[in-house]
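Which chain is which? They are A, B, C and D, in the order written, and residues in each are numbered from 1.
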Amino acid sequence: MTFLTAHPIALDALLAEVQGPDAGGTCVFLGTVRSGGEADGIIAIEYSAYDAMADAELGRILADARARWPEARVAVRHRVGRVPVSEASIAIVATAAHRAEAFDACRYVIEAVKQGLPVWKKELRRDGTATWVDLSGEPVPARDS
Amino acid sequence: MATVHVRFFARYAELTGTATTAVTVPVNATVSDVLHHVRDIIPGAATLPPRPLAALNLRQVRLTATVRDGDEVAFLPPLAGG
Amino acid sequence: MTFLTAHPIALDALLAEVQGPDAGGTCVFLGTVRSGGEADGIIAIEYSAYDAMADAELGRILADARARWPEARVAVRHRVGRVPVSEASIAIVATAAHRAEAFDACRYVIEAVKQGLPVWKKELRRDGTATWVDLSGEPVPARDS
Amino acid sequence: MATVHVRFFARYAELTGTATTAVTVPVNATVSDVLHHVRDIIPGAATLPPRPLAALNLRQVRLTATVRDGDEVAFLPPLAGG
């Protein structure tokens, strides 16, 4: 089982992984690549990952979520490779009998992911330049740009 | 002696000009020792920050963690995700 | 614009209503009909509504959400008619530049909806019986069951 | 006099045996007056609770709200939703 994918995330398939007749509430989070406005000229983000570690980390985050909300079912996919503006780089789906658990488990997973995964982003611009984005949100000149 | 697999990611792979290497270090060497060794053998590694994030066998560790033969050590730019 | 639909909710279409290049986070809530287990034998819920008022209430709830989170975009659909187990009776989609607003706006809308819409539920069972479900969650014998 | 459109929903429609009716009440009559009038003319309405939820022109109101000619009054079982 890998939580990483190089292809657009199929939300229907992710929902199907966790839904069942006992699920009353489902919370989905989609993180999408933003354009940053015309001035930025961002057309996509290239995601690179330490695949095996990112997969292991996501597995640990899901295990934590399941331990906290035993009645919830949670699934996650994270994109790697080039993700165009408006496409989802991450999708999290949490179902539970009641909505509070679904919201809380979903929120828990995205907050844990944002604490840091071994995944790195390079912004690709219309003019052909590319810059790594570090945690602080400040672009770092890339060697190849 | 212990042979350790070393990986660089994202900007660090660009700085070092390599994604992977292997180094041989004494028994009971630390991740920090591995980093010093890497700086000696890979010119571009001099531009890595003094104390980068590190992972040992897919888990983030302090630079003081001890490595064993066959371990995988990775040096990681600030983590993002999501 | 009506927020009610007699057909399965097309999540993709709902997402398309609110997504744009400035959306960084999207939170979706789906409320689905639960089977209640084998003993209950529930196969569907029949939703009936005071259509015009339910539509007006949903519009007011969305207006409140937009006033509280001006940068969020929110959409909602509520089913009427027969909704089989595992299908969504309600879908809420909220997008915002940042995830906190998306989660909060989405949660706000479902909590407001659960405070009460002029929508009523009748549980339909495999054995042909049907019971109204009132707010307390206790079934009320229906005249026609 | 004011003519008011009256609607019953869900279980209340089953109890009254009707979904809609119209009643004529004095000027300045209240929703409560409309309910009393309905109980007089629709036998099944006797089984409605004494103080049901009510809406006037698509907004929930107290039974003391005043109705006007052409208004729509609805009597609503406990609200659900979602």
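Please note the rule applied: a residue touches a chain if its C-beta (ideal position, glycine included) is under 8 Å from a C-beta of that chain, and two chains touch if they have at least 3 such contacts.
The structure presented is a predicted model; accordingly, all values stated were derived computationally and were not measured.
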**OP:** Measure off the straight-line distance from the CA centroid of chain A to the CA centroid of chain C, and report it in whole Å.
**Re:** 25
**OP:** Determine the centre-to-centre distance between chain A and chain D, using the mean Cα coordinates as centres, and give it in whole Å.
**Re:** 51
**OP:** Would you kindly tell me how far, in whole Å, the mean C-alpha position of chain D lies from that of chain B?
**Re:** 75
Original post:
Residue numbers in chain C touching 2 or more other chains?
Top reply: 31, 110
Original post:
Which word fits how the chains touch one another: line, ring, star, complete or other?
Top reply: line
**OP:** Provide the full list of chain pairs in touch.
**Re:** A-B, A-C, C-D
Original post:
In their shared complex, at which residues does chain D touch chain C?
Top reply: 7, 9-11, 14-15, 55, 58-59, 74, 76-82
Original post:
Which of the residues in chain C end up touching chain D in this complex?
Top reply: 31, 48-50, 52-54, 56-57, 78, 89-90, 110, 113-122, 132-136, 140, 142-144
**OP:** In the complex, go through chain A and note every residue touching chain C.
**Re:** 11-12, 15, 19-32, 34-35, 37, 85-86, 88, 95, 97, 99, 102-103, 106-107, 110
